[in-house]
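Here chain A shows up in two complexes: once beside chain B, once beside chain C.
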Partner chain A sequence: MTAEKTVNLQINGRFLQAREGMTILEVARREGIPILSLCHHDALEPVGACRLCLVEITHPDWKGWKGLVTACLYPVEEGLCVTTDNEDVRNTRRTVLDLLLARCPQSAVIQELAAEHGVTATSYRKSEVETTCILCGLCVRVCAVKGCSAIGTAGRGIRKAISIPFKQPPPDCIGCASCAHICPTGTIKYRDEGDIRKIWGHSFKMVKCESCGRPIMPEKQLEFEANKSGLHPDYFKVCPACAQQQTVQTIRSSFDMRTVQSGDSAQLAG
Partner chain B sequence: MTKTLTITPSRCLACRTCELACSFKHAVDGRPGISRIRAFMFGEGRNQVLTCFQCDEAACVKVCPVEALSRNESTGAIEVNTARCIGCGLCSIACPFGHMSHDRASGVAVKCDLCGGEPVCAAFCPTRTLEYG
Partner chain C sequence: MRIKSVKTLESTAKKARGQRSRINTEVLVCAGTGCLANGSLAVAESLRRTIRRRKLDAKLKLKLKTTGCHGFCEQGPLVVIQPKGVFYKGVKPQDTKEIVDRTLVKGEVIERLLYRDPNTKKRVRTYAEIPFYSKQLRIALRNIGKIDPGSIDDYIAAGGYAGLAKALTEMTPGKVIDAVTKSGLRGRGGGGFVTGRKWKTCRNADAETRYVLCNADEGDPGAFMDRSICEGDPHAVIEGMVIGAWAVGASQGYIYVREEYPLAVKHLRLAIEQARERGFLGDDILGSGFSYDVGIARGGGAFVCGESSALMKSVAGEVGEPRAKYIHSVIRGLHDKPTVLNNVETWANVPWIITKGADKFAALGTKRSTGTKAFSLVGKVKNTGLVEVPMGITLREIIFDIGGGIIGDRPFKGVQTGGPSGGCLPEAQLDLPVDFDSLTAAGSMMGSGGMIVMDDRTCMVDVARYFLRFLVDESCGKCVPCREGVHQLHQILEAICAGEGEPGDLEKVESLSETIVKASLCALGKSAPNPVLSTLRYFRQEYQEHINDRKCSAGVCRNLFTFRISEEKCNGCGACVRACPVDCITGELKSLHSIDAGKCTRCGACRNVCRFDAIEVV
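Up next, the complex of A and B:
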């Protein structure tokens, strides 16, 4: 039997224990210590793309050496001393926000976040490409976790962009719009027009609720989800509100029937 | 054996105290719209209150792409790990009973978690329609 190894560390002077293999960000969030981040999600592999979670680390054995690391990627180790907020960290964070603002000056999310940290205008040359995408890659990772991997990144350096293969509607896209929901800057858009969902150049036909007719999800997604989960496709054909109505009506009618049979109806009506 | 939340519909007044208690327990603003329990009125004093059945083989758990739903072995309730939830809403669609919902404000799934073993709906129910034990 291998017991889980725990390590002792300090965050902002607080002595903490953590399981070996946890990242600094995981430990900090567990303890309620705020660390800014735009590209992190607990369900997805960390990649350290946004650089906003930079923290300062040092160690008693490191002879005074200290460095800045991304909290979302750095695994905790015995004796580690982490500082999440000092002048160096704040300055670096401001530079990162300054750079993000230069990349996407139009993004309201970035503007607001930068302003919160005292950056109102970028000191760098603004990007010539008009975008609000910060290349955090959450969309690409969530698409992979869903099991589709329909979107990815294309190009390198300043030309890197979230893209679909050959700029054509991706054949693996099921129209679930998870990429749009997780996007921190609202760059990825989709439109539901009646029973058609438009995303990534596709026009998906939506399945309508069998009871109320409200569009639920694209037909392609239904097929995908039924296959993946092993559930019968009928599980996905009624909207939550109608499913609840049906449940309560079924239960109520069976309860009424039983009450009538046992002769308790007088008591009920009274 | 784990405790069970029992509902006795004949005692229910549909006073919605459970909905309010639930909302205030799970969110500071107490919006009844995201209550995990719901009361329905059928007229003539026939009321029905419903919440998650905590199914043994739960559809919500099966469809979740990120394993954000798991059973708390001590209470028997299926709980949402809100940090893992990507808000795709698949669980609420797959639930055949319509017991799951999606909180637009926080963008995650919401469901009854039996308040970690002390359901406030049962504690506040004035007519003992909801009992936990």
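Up next, the complex of A and C:
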């Protein structure tokens, strides 16, 4: 392994060190410096779609040149000076939120964020199509990372939409609902009705926990996870909470019970 | 047969030239897309049959060829007879017998098939005398219209692949890069980046694999330079790419060409096969030990796929969406490997630079924009077509000397350069030298070379609206400022054109444009507000008129004007009455006509047919 290089940079005047190759967003979040973003998730490759994480950068060697870049994508470099909050950045962010509010006037998340930036009503023409989807693409990306790629996008430009093939229940969907959980505006919905999960037009039969009887995940997902991980399907047939308890019990029975106080058990299991 | 050394190439070229010199007359029928659409294949077929039947090819030592685009598309189908340079336009199959009898056999010129200069009204006999051609200087288009694009021998006879031979045997990769840098060649696809510098960065990038690609995804409305080169001289592109690959050390490349260019795809495919057969592509090119091969990647015609990172994604089989280029594609491009991407015209220049020398190229054009540039000259100009001119020539020379001026000698109003992301320049800028930096400074850009000429009947607000609409459709939709912002800009302009503009709209357009320019992810978004910003810069008055006076004096935005027939000018010829699709014009022959404004749909048909300029906009 090659030695990791450390670079020195400034964010909002603070002198910081970071590993070369980290993005501005990673460094800022490590330092607790807030940068807004709607299309970013640590588990996924950044794409720079929402443009809310725009920050201003400059460098002593750049002869006064400065510009806006997306913090989620820009790799830090030696001597970089970052400003996360000045008038230019705020104005740009406000306009982007204003545009998103015109697209999704009904979205509570966007309303709230826009209001925080002083936009209570959009200055632009509201979308005729009712949607709360901001096309951040997190759902499509997480589905791809999961290994399913059941959903995608269709069309381009203003007519672009998150879509399923031929508008039919996607055959590759395993009902994991990662798309719904990652959606920042709550646009993608699913419903668990007893042991049935409804999502993307599918009704998936859920596997029940062998211990407590609560539904854990769709059968199709269980099959998928077992195949992908190479673990025995039985491994997934107990819900995480019960599995945790069972682990604790196993450990307990193999320890000398006198040395383990009941209060420590949760810690041990965690 | 495979050509295994430079020596064999030389003897092949000699042989091909020898065969050519045994021919007294070449009959060149244009088979570019424009002429094909006008029926040039039937003309060629008819000529071929007549010549064969009468065995004239042997008797007169004559050869018939179908060639690429001659550039003068609106006059097609074109037939050129060399070496005399007799230029026939608008040839129909029924004319071919006369051409054979009179021109080929007797050496006469058929007056009625000659080009008539719209300004002097005189018939012009030869290619060289036509102003459209005489002011041009052809480097990238050097062989087009002269050679048969389906014949590699024709290309070799014209000096083809000599540049590659020179590069491989007499020059190191470093020397090739130096030569291209010294030539001052800048990317012809729009960016205008110094080609040699791009190659050098790629060569120096630390990697085992590198790619050399060609961008043939020309997507600007009205632009067809790259298509014509691919169709008319595909080997020039391939030769350029092999030289580039040698310079940067690539062993694989792709030509990304849009599926809407079927003839370009066909000719490129054929050329690649021929080049492989002869050993200009594949392993051990010309016995040098160097290997490089090219494949064709067909695009679905998305404008955004002309953007380098989107193009590379599309080549790799992913959705053609751009990525942020904080790390440039010369470092991390196709499949994350260092990649050189140049457009068709850039590649077509490369063999010429290597063969003739960098100094010769650098001597042309201006200091910072060397060489020539191909433009597709379209719009309200008398001579439309494909032209190649030295950089630094003025807009006036292109539009009025080569283009012959405005149709109907109407007043010039503006010219859109650089495609949808470019800008509109007014009359005051007509003496602007056409080079990368001057156009950018004037608020437009070179782009890939589209040039759309507009007269006084063009509404600049409508033009901006049109281009914004194009960009709304062509935005990939990945980032918010471009997807939502350009859509909103378009909405505002739609409202202004519909007569629903409001005070403050222009300021809103300007501030939103600023955000789009600053915040968009790729060059498409960053340049998307250009059409509106440049028209606002030069034609602000027209916008204000639309908003404040609810008036479109160009007579384009239908809610904002009415037509009236001028008492002084109307002579009652009745042309407008016949042209009106809704029968709203009345009047006796030879007396003043009138328009029923209530019934009129303001389509403008009457105005287009009136030869006395009697239809007025009020």
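Here is the rule we go by: the second predicted complex is superposed on the first by the 236 of 270 C-alpha atoms of A that agree within 3 Å, B and C clash if a C-alpha of one lies under 4 Å from a C-alpha of the other, contacts with A are read in each partner's own complex, and residues count from 1 in each chain.
Going forward, a residue touches a chain if its C-beta (ideal position, glycine included) is under 8 Å from a C-beta of that chain, and two chains touch if they have at least 3 such contacts.
Bear in mind the structure is a predicted one, so any value in this text is a computation, not a measurement.
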In the superposed arrangement, does A:Val69 touch chain B (first), chain C (second), both or neither?
second
Under the stated touch criterion, which partner chain does A:Cys176 make contact with: chain B (first), chain C (second), both, or neither?
first
Using the superposition on chain A described above, determine whether A:Arg197 touches chain B (first), chain C (second), both, or neither.
neither
Which partner does A:Gly155 contact after superposing on A: first (chain B), second (chain C), both, neither?
second
Between chain B (first) and chain C (second), which, if any, makes contact with A:Ala49: first, second, both or neither?
second
Would you please give the residues of chain A that touch chain B in one complex and also touch chain C in the other complex?
none
Can you check the complex and tell me which residues of chain C touch chain A?
302, 304, 319, 323-324, 326-327, 472-481, 483-485, 487-488, 491, 508, 511-512, 515, 518-521
Any idea which chain A residues touch chain C in the complex?
47-51, 54, 67-70, 73-75, 88, 91-92, 95-96, 99-100, 102-103, 123-125, 134-135, 137, 152-153, 155-160
Chain B partner contacts - residues on chain A that touch it in the complex
29, 41-44, 142, 145-147, 176, 178, 181-182, 216-217, 225, 228-231, 235-236, 238-248, 251-252, 255-256, 259, 268-269
Which stretch or stretches of chain B touch chain A in the complex?
9-10, 38, 40, 42, 44-46, 48, 50, 59, 62-63, 65-68, 81, 83-88, 90, 92-102, 107
